[in-house]
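The first chain written gets the first letter, and so on, giving A, B, C, D, E and F; residue counts start at 1 in each chain.
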Amino acid sequence: MLKHLFAALDRIRPAETVSAHCDGPCGIYDPASARITAEAVRSMTGKMLALPAPDPTDPKTVATYHNTMARYAKIKEEQAEETKHHLLVLWTDYFKPQHLEDYPDLHDTFWQAAKLCSACKVELSPEHCDELVAAVENIHDIFWATKNRKVEWQLAG
Amino acid sequence: MLKHLFAALDRIRPAETVSAHCDGPCGIYDPASARITAEAVRSMTGKMLALPAPDPTDPKTVATYHNTMARYAKIKEEQAEETKHHLLVLWTDYFKPQHLEDYPDLHDTFWQAAKLCSACKVELSPEHCDELVAAVENIHDIFWATKNRKVEWQLAG
Amino acid sequence: MLKHLFAALDRIRPAETVSAHCDGPCGIYDPASARITAEAVRSMTGKMLALPAPDPTDPKTVATYHNTMARYAKIKEEQAEETKHHLLVLWTDYFKPQHLEDYPDLHDTFWQAAKLCSACKVELSPEHCDELVAAVENIHDIFWATKNRKVEWQLAG
Amino acid sequence: MLKHLFAALDRIRPAETVSAHCDGPCGIYDPASARITAEAVRSMTGKMLALPAPDPTDPKTVATYHNTMARYAKIKEEQAEETKHHLLVLWTDYFKPQHLEDYPDLHDTFWQAAKLCSACKVELSPEHCDELVAAVENIHDIFWATKNRKVEWQLAG
Amino acid sequence: MLKHLFAALDRIRPAETVSAHCDGPCGIYDPASARITAEAVRSMTGKMLALPAPDPTDPKTVATYHNTMARYAKIKEEQAEETKHHLLVLWTDYFKPQHLEDYPDLHDTFWQAAKLCSACKVELSPEHCDELVAAVENIHDIFWATKNRKVEWQLAG
Amino acid sequence: MLKHLFAALDRIRPAETVSAHCDGPCGIYDPASARITAEAVRSMTGKMLALPAPDPTDPKTVATYHNTMARYAKIKEEQAEETKHHLLVLWTDYFKPQHLEDYPDLHDTFWQAAKLCSACKVELSPEHCDELVAAVENIHDIFWATKNRKVEWQLAG
């Protein structure tokens, strides 16, 4: 069935390209989207680990601590989900069968990166956050190499 | 005013049906959407009640406990909201005036089910989660009966 | 560059107006949207501060406390974000260059109101919540004055 | 089963009320949310019916017409969905069993209003838009009557 | 790097499992979510192809045609995106390295299914819609086989 | 009132900084988010203007044309809205009163950029798309200057 699908996809791509104005792939893809949200996941993880415990005898401080932890967890969850989404858009829409020849590990590369996003939701692990940022950097390198462009990897944080 | 609205809605339905390709109601409705998210609400409630308390002298464990609780609460909240949404789509879009003859309690059935979704947000109650899943099963039975189809009720979890 | 943009925006507005059916600005704008969500932020802040601490020896009560705090924080965060969004829609879409003549502080008024939305996410401060509601009331007054209408400020809560 | 659910819901409401800071129902409810979005649905419907046909020999005008129609339809769809959502929040969260005694048609009132939201998505009907706004006004009257408050019905557009 | 990640992920899974209440994988996964939305994509595609052209001399009919096409395209786009999302959640969160032994084509299976979701956004192709539904059925078979359960494949439409 | 708010905001910022792990502003801000979505708006505008008219005698081609136009308009609308959102996050959360001394036109800079986002929704104007990208570049320059960093402006498309 896979061959059938490949053939079917090949048939539809030209139509898409005809309607496009850009000479490369028709969309605007940029791993910087995933890089920014991955940096945010790392930042929130660091903040959660650094937040000092509240004075248990001061109800307002306890409530504020809960507020801060809950919203940091929420932001981290959403940024990790966005990172996963940005990465999977690259995998499903930008990368094409011909890229697999140069990057035979492409599927596993994205699978591991996506699983790291999930791990960074579950845990407060600076190590896995670093690995996630490194995984995005690796994809940044692959992506720009396929476009024969040299784009520097620059962190915002 | 109600009669006027009924008549008005009757007038517009034929137009909608003309543009549809399916012989029954024009959309794809399936109570399985609500069943899956209701199961998730029940699962998250169970996990929150089972999560062991952290060692209060270990800051990392405490922070991780907060992370887990906050994201479980967030997931439960969203799944309960989705359950409510899926149920209310059935009530407002699938069910028609003629169904009220066979199911005169239809409105209350959906009202109670929707209120259970809200209760499962507010509480950590395995009993209300079970009632929510039962309420969705009841709607599953009604729904498929109106379509004269026999579809088995199967849980994912 | 600013003058160029003003001129460009002036050129496009007439076209927008032509396609509109309303005699005033083409959209439906109403600061009540921001007022309702700002009231919700204030309500959630009050609830978080008033929530009694759980009995630390009763695991179910502790878990329920976490559930309540996390969902209140999530609701507060979302309502504050919506308040900010509703306000900035007024600032970017409703208000036009000519309004700046009558309201030279308009930009700062919205900037401060938006920053208050962020402050009410970060903190549990009844005072800042009151200031946020007051900031929305001030914008309500400005907005309806620009339309030469007298609309009463009425709180829901 | 209904009686069981009613009893169960009665049992949980007090707990919710205890944690609330407001003396009435614990949340901030206001039919103005639904009124604003219903007005937007009516405004977009009017704009779509009034949009002049493009010159078929001018490709840019044709493309702009498609852009305008598609975004007006999208905005109308989203505003109608939001109207439905705001109304159903009132029905499922604000209204309680005791309200049914004073308003025995309450369920049908909301059902018809929700169905009007769907009708205004499907059609370009100024009449049904007017009926939707009237349905929201009717709910506004019922809502504020249950709170023994007199709140004026004021349109933004 | 892959081995490192596998090992890292293995280390964190037990912690997740400990906090879970279910004896299998900790979440509620069910390919029915993707099946329902894929059916909706196929239904909308059929409706768009079947919609009769409007009378070009009747402006209201033309505007209604645009409204219907735009909202059908919007619904199709969103349902295809949801199908992709539901499938990729299975791929990134449910499936684990050990599943690759039994299903060495797993990555390509999901990649092709995700690309079919994108194709069904771009095109109005009943054939690709059928292939998408078939791809989801294939994943349904694999999924339930990994859980040693027999779940019937039943369409809603 | 403005002075009061400034003072109030100054009081809360230190608390936020204390809980942060980064030495600069506590969040991860990067104008690249707005740059990527602004490029997408420009790309979609170009595609909509370049899409060849369908053969009016071929119903399938006409329907496909409507599908393409509606989804391009939807994508453009969403990307323009995201651009606006990313820019306003910078304006309301990153920029502080002290930045106004160095950039006295800061408010107008963001107001014009936000209004350009709206203009690019309404129109199919390559000129305004270019102005939007230029406005984001200007904000990129200001942003990195306030952080004393030199970051190259690089387009993805």
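Note that a contact is a pair of C-beta atoms (placed from the backbone, for glycine too) under 8 Å apart; a residue touches a chain by one contact, two chains touch by 3 or more.
No experiment lies behind these values; they were computed from the predicted model shown.
Q: Any chance you could name the chains that touch chain D and chain E both?
A: Chains touching both chain D and chain E: B, F.
Q: Can you name the chains that touch chain A as well as chain E?
A: Common neighbours, chain A/chain E: B, F.
Q: Considering only mean CA positions as chain centres, point out the chain farthest from chain F.
A: Following the centroid criterion, the farthest chain would be B.
Q: Give me the superposition rotation angle from chain B to chain F, based on Cα atoms, as a multiple of 5 degrees.
A: Best-fit rotation on C-alpha atoms: 180 degrees.
Q: Based on mean C-alpha positions, I'd like to know which chain lies farthest from chain E.
A: Following the centroid criterion, the farthest chain would be C.
Q: State the pair with the higher C-beta contact count; candidates are B-E and E-F.
A: Result: the pair with more contacts is B-E.
Q: So what's the Cα centroid distance for chain A and chain B, whole Å?
A: The answer is 31 Å.
Q: Averaging only over C-alpha atoms, locate the centres of chain C and chain D and give their separation in whole Å.
A: Distance between chain centres, rounded to whole Å: 20 Å.
Q: Calculate how many whole Å lie between the centre of chain C and the centre of chain E, each centre taken as the average of the chain's C-alpha atoms.
A: 37
Q: Specify, in ascending order, the residues of chain F that touch 2 or more different other chains.
A: 51, 66, 68, 70, 73-74, 122-123
Q: Chain contact topology under the given definition, line, ring, star, complete or other?
A: Shape of the chain contacts: other, as it matches none of the listed patterns.
Q: Between which chains is there touch?
A: By the stated definition, chains touch in these pairs: A-B, A-C, A-E, A-F, B-C, B-D, B-E, C-D, C-F, D-E, D-F, E-F.
Q: Could you please specify the touching residues of chain D with respect to chain F in the complex?
A: Touching chain F from chain D are residues 59-60, 62-64, 66-68, 70-71, 73-74.
Q: Considering the complex alone, what residue numbers of chain C touch chain A?
A: Checking each residue of chain C against chain A gives 48-49, 51, 53, 66, 69-70, 73-74, 76-77, 121-124.
Q: Per the contact definition, I'd like the list of chain F residues that touch chain C in the complex.
A: Contact set of chain F toward chain C: 1-2, 4-6, 8-9, 12, 15-16, 84, 88, 91-93, 105, 107-109, 111-112, 114-119, 122-123, 125, 127-128, 131, 134-135, 138.
Q: Going by the contact rule set out above, which residues of chain B touch chain E in the complex?
A: Of all residues in chain B, those touching chain E are 19-22, 26-30, 32-33, 36, 39-40, 43, 46-47, 50-52, 68, 151-152, 154, 156-157.
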